[in-house]
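Next come two complexes, and both contain subunit A; in the first it sits with subunit B, in the second with subunit C.
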Partner chain A sequence: MADFKKIEENLKKEAKRLLEAGEVTVVLAYSKGFDEKHPMPYAAKSVADIKNIVFNEYCNHNMARYLVRYPQGTKIAVAVKAADSRAVIQLIQEEKVKRENLVLLGIPVYGMKNSKTGEVIDSKTTSGLCNPVLYDILLGAEVHGQKIVSPYEVLAEYEAMDKDARWEFWKNQLDKCIRCYACRKACPMCYCDPCFIDQSKPRWADKAPQSPGNMMYHLTRFHHLAGRCIDCGECSRACPVDIPLYLFHKKVAKECEEMFGQAAGMKLEDKPVLVDFRVEDSDKILE
Partner chain B sequence: MSRIGVFVCHCGLNIAKTVRVSELAQFASTLPDVVVAKDYKFMCSTPGQEMIANDIKEHRLDRVIITACSPLMHEQTFRKVLAASGLNQYLLTIVNIREQVSWVTHDIEEGTSKAKALLNGAVYRARLLAPLTSRVIDVNPDVMVVGGGIAGIQAALELANTGKKVYLVEKNSTIGGHMAQFDKTFPTLDCSACILTPKMDSVLQNKNITLMTYCEVTEVKGFVGNFDITVQQKARYVDHNKCNACMTCMEKCPGKGISEWDESLVKRKAIYIPFPQAVPQKPIIDKEVCTYFLKGKCRLCEKVCEQKAIDFEQQDSFVQVKVGAVIVATGYDLMDTRPLVQYGYGKYPGVYNALEVERLFNSAGPTGGKVTLRDGKEPQTIAILHCIGSRDKNHYEHCSRVCCMYSLKFAHLFKEKTSADVYQFYIDIRAAGKGYEEFYNRVIEEDVKFIRGKAARVAQNTDEPGRLIVEAEDTITGKFVKLPVDMVVLSPAIVPRSDSKDLARLFNLSTDKQGFFMERHPKLAPLSTMSEGIFIAGVCQSPKDIPDTVAQANGAAAEALTIIVKDKMELEATTAMVNPASCSGCQNCVRVCPYGAPSFNYDKWVSEINEALCKGCGLCAAVCPSSAIIARHFTNEQVLAEMEGLMEF
Partner chain C sequence: MLKKTAINKISELAAVLMEKGTLIAPVKEVSGHNFAQILDPQKVDLDFYNTIMSPKSAFFPHKEDFINYKVGKPISEAEPVVLNLKPMFLFGVRPCDVKSFQIMDIHFNAAGIIDPYWRQRREATTIFGYAFDLSKSVDSADFYNTLGIYAADPDGSDIFMVKKDNELLLKGITLQGKKLLSELTTIENGKAADKKYFEEYIKKGRDYKTRFMCLDQETITKKLEDIFHNTDFWTRVSSACLSCGVCTFVCPTCYCFDICDDTQFGRGTRRRVWDACMFTDFTLEASGHNPRTQVYQRLRQKINHKYSYHVRKYGVISCVGCGRCTRYCPVSIDIYSIIEEAIKT
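For the complex of A and B:
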């Protein structure tokens, strides 16, 4: 278990230093919500804001989500856990943000909890990573010796289902969707404006929360995130009706990694895998 | 409201056999906005075209749908009919009910039903079509020929002789290719060098040809009429403008490399000219074996060079070449037969491959034209094994086409130069070509022994150490043959160049199952490729002999001419455009475009498409997550309407 108090202290300390020195104009971190279990994303813009910063085991939000909200060239410091740092890398690969404009405050942590269920989230999402893949300043000691979960282990039950069963499974799950778009809002890689689903010419799908439109929305979103999902799991935790969206993303990520030997957001020098062509690429996708 | 005419073609029985064409026309007349629907035996014939033209006028049609063969066949024909009738040519829709319907089923119910669904979709889409205007662009009158073998040389000379400028790019330090390695050519037995070297020299003398040896294409941008190609000039370490080919450097050089031209049978110097008639007749330094590059000391060549032509500081340089058309003539490799361990190539010194034997026969070769084994002895018994790796399901399924003939030629030359017994182990003798069968008969009469059966194995002869044994089944007598021999000649499969995949990627060429470049149409467009303005000639397309290669080269030159003789050309209007309001700046379009048409505007934070470069392939529109890209003629609305029509049925 990580020392959350220590991380919070360091987070405040670094935020203060960066804002005071004018190295950044905003620090993306967390603040207290209506109770301890529900911290909020927080943008500290001045030294006076720093007292509001908190960090505890419920600070799950992927703060990389908020990077693209700022105009290009804004100097931003952002608190990143393991998966969040992958999101930053992926965004850099996609040229949405530039590395030189970012200060990454790395948080090595194991034992983050789902505020709804209280379960440790690292067992299902975040690919078993505890330490940020990329950071400038590490806010605590690296976490070692924790149980390393194979990123794809949680797929076992899902993969045991045959094609028809999977279709049934998703039909039932997606039927629950109320089209609040919280998944889209929580996702750091969902930055399209406008999203295809909001367009009227052509109208890609029905906007009412009913089966065919739900299916169109989610399947297209899955497709748009293929090779890009960094497994933070925020979509599934944001979902008010508990659709296990991470399962689909993870399955696609697994296929993608097997086929092209590249996981999303792991290396700065990688290119977005599905829009990059290499002569040695697998043709399995055509079979 | 639009006024659509539907014209259903029978294509004789090609379509009518598995699609009820009159029922299809009847069905069409019930569809929305269709004002006339007819079927006819041959829509592409003059009466068929006249019927369409008349109906356009009579029924005041503003959309025409033709259900017939693939648009690759007759789209242009029917577009002209529309244009002549005063309709914009992009208001034509072709529904392919031949290649995609009648030819893929025997069931008339299935065929008719699928044709109806496709037609229904086409009507839905046609209603949303918009008139488009073709673009007119300037054409660059120069041509690039890639590959300086006989195909490339021939194509370059043909083009240059019409007064056009040609850039001939060759990877090696000399042109000539494989033909320069051969001794005699079948079936006439004229000396290969004697017929090739005058052509090589003509290339050098021709003012219209810019010869670029020791060069490789590294990037191809642009499109038909306006290619912008980057060529890498590899460092030769010899300034060819200063060198006067006195060869003193080569005499003094202590470095030893392996002669590629002599198929590794002998050594050459580190500073070298591949062979005496090389063009250009100027040396290069092989960095891999040069004593100076390896040990930092020597520079003997520099000391003896009176022209001060040696330049160890030389670097690779890059040249931009702009041309209107490209001919790719990059030739072939022989299959590496070492993995076929049963034939012992690379293991037993007595086993040779075909190109090595060509060099043994050649008077400029390692033995001065004497046929001797690696130990210097003359072979007494020689076996020539056909189809090594080709016509073989485990390796290459294709027939390499020339091996039968050159194996016969080898037999003849062995008989001429030695007193050896010569055996051919063959599956069939394929001697289809002018004078080939006659040559086959001549060789039979020269007491060459033919054993019909593919050799199974070459083994060490345990009775006589140093000699070999060829094992095969003689399929005529049904007996198992074990033949003791001194020399085994393998006729390996002719395979695509090892770097042909990279080249295919550079020039956007497709490759067939074996990896040879694909022609646009196997019969009617054998030299064109799916990339407009890029043509192929010679063995890079498929194995063939010299006469066929030369004929193809001439053909490819003529094809290239048809493009570059025009000052201007019309391009398809079906390009993509960006709706900046919807662009989310993900740059997927920039990354996937094979033509480099989209670029990202960092000030406006949106992608922009250069229409001059866009070929309308639609990749960008497909990957755009916020559907900001509109592919003209295939807009999202049009495609969705077509799908709706398809699925409704």
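For the complex of A and C:
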């Protein structure tokens, strides 16, 4: 198990230093919630707020989600686990935030747990990485020696299904959707304003939680995140009816990676695959 | 009148109710339990803490079709959707959720315009309340005690049910409930020991503690009015809020809806669909102006509506403390903690 107490101490220490020195105006981290298993995303804005910061195995939330909420130019320190750091990189690539306005407090960690089910989420709904891809300050020792698991391993069972079985699977799953939009709201890459599903001219799908609209919403969202999903799994954990959205996102991510040789949010200098054109790009899609 | 049945024979009771009308009861789904119309009596499953979605959808479905029409045809050709209700049995409702129907009645069945859809369903329905299992620990999100509700309150149920080991005790509470129970001839009558157990269980329910704070309606209403403009407070408590609709959709007392027309290939349906005050476009006006663009404004609205405006207008807090909003919030925002903090502010 990662040393959560140590990370929490370091998080507080760095947050205090950055706020005191005026290097940032807000530190995005975690605070305690209504019980131990339910910590909350937290924005510490003054030294007095530091005491509220916590870090434990249930701090899954991807704090990169909150970056676009602050006006451009705000100096922000943000606590990032592996997948979260990928979200930051992707947001920088998409020019939603600037690298120079961010201080990344990297958290190398494994053994994070889903507060609803208690299960360890490593690699199942996160990217299978332990160490942040990009950081300024590391809040704990880098994790080494953990079994390397492909983030796509969980797809095996799903990929084994034939076309009809997959259709049946997704139809059943998406029929459960209550259209609360927690998935898109929890997603760090879902920042469209307005989201296509909220538009009324044209109206892309009906508002009622029924099959055609649910399909339209989810399938569009899945594909809008092609090459952009950084596999943090927040959509699936946010879902009150446990739709395994991560499976679809992983499948699309895998195809993107195979076709374009690049995973989302791994390198600052990359361009998002679907806005970049390279002569050697795969033509598989046209075949 | 008290009757009983073995819990493993619950499907037999379900089958009898299905013969008499429509049965809505908890079923186990992949993600947890939910109320659903029962088509297979074996599916009724009482081994649950509480359902994910509240039972309000039995009377106020997520989607309700009003009128079917053809585009370009005169209004006289439009066809209103008729309900054609059979007697309904809403089975296995927890006491806090039963209480929520009384609050919802204010909006749909009392003040101002009567909602014919709600009323017809409500009148056709017999409610089988079901006490929480006192032998199991309480969920840390629940706080119905704060709203004066106890784990085994029969108030508001037509028939109230209590679990006794492997048996289910059913007691008629209202005339309607007693009448129905007397018609259920396939289940056996309770013995004197069962009656005693039932009465004691109701009493013991008062000692089954959820989170509790002493909440005076007038004090909290006044307090929320006082801090309405305290932007610091509202920004702080809403800083994690994603402004999704989970809390309002799972809530048993949220009743906002949108009316929309869905047309395709010349055929249309006018229907209502649940809406949520947490959505950005909830208050978006036709002019493009939006009076609540900020997350804190929307969360403030939700909390004030339940704990302040509702008290001023109808004399009752519009919350039953079922804990669903807290339990299913993706970022664990807890309305109880916010109220607690508001009082201290």
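As a convention for this text, the second predicted complex is superposed on the first by the 286 of 287 C-alpha atoms of A that agree within 3 Å, B and C clash if a C-alpha of one lies under 4 Å from a C-alpha of the other, contacts with A are read in each partner's own complex, and residues count from 1 in each chain.
To be clear about the criterion, contacts are C-beta pairs under 8 Å (C-beta built on N, C-alpha and C of every residue); 3 or more make two chains touch, one makes a residue touch a chain.
Remember, predicted model here, so these are calculated numbers, not experimental data.
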| item | value |
| --- | --- |
| First, second, both or neither for A:Arg65, with subunit B first and subunit C second | second |
| First (subunit B), second (subunit C), both or neither touched by A:Lys98 | neither |
| Which superposed partner A:Lys171 touches (first subunit B, second subunit C, both, neither) | neither |
| Contacts of A:Asp206 with subunit B and subunit C, given as first, second, both or neither | second |
| Partner chain(s) touched by A:Ala238 [first = subunit B, second = subunit C, both, neither] | second |
| Partner chain(s) touched by A:His144 [first = subunit B, second = subunit C, both, neither] | neither |
| Chain touching more of subunit A, residue-wise (subunit B, subunit C) | C |
| First, second, both or neither for A:Lys6, with subunit B first and subunit C second | neither |
| Which of subunit B and subunit C A:Lys185 touches, first, second, both or neither | second |
| Which of subunit B and subunit C A:Pro39 touches, first, second, both or neither | second |
| Residues of subunit A at both interfaces, subunit B in one complex, subunit C in the other | 193-194 |
| Parts of subunit B lying in touch with subunit A, wherever the complex brings them together | 501-502, 505, 582, 584-588, 591-592, 600, 602, 605, 623, 625-627, 636-637, 640 |
| Subunit A residues touching subunit C - in the complex, by the definition given at the top | 33-35, 37-43, 61, 65, 69, 115, 176, 178-182, 184-186, 193-194, 198, 206-210, 234, 237-238, 240-242 |
| Contacting residues of subunit C [partner subunit A, same complex] | 29-32, 52-53, 62-63, 140-141, 239-240, 242-246, 249-250, 258, 260, 262, 271, 273, 276, 279-281, 295, 326, 328, 330-334, 336-337 |
| Complex contacts: residues of subunit A adjacent to subunit B | 72, 94-96, 191-196, 199, 201-202, 204, 224, 271-272, 275-277, 279 |
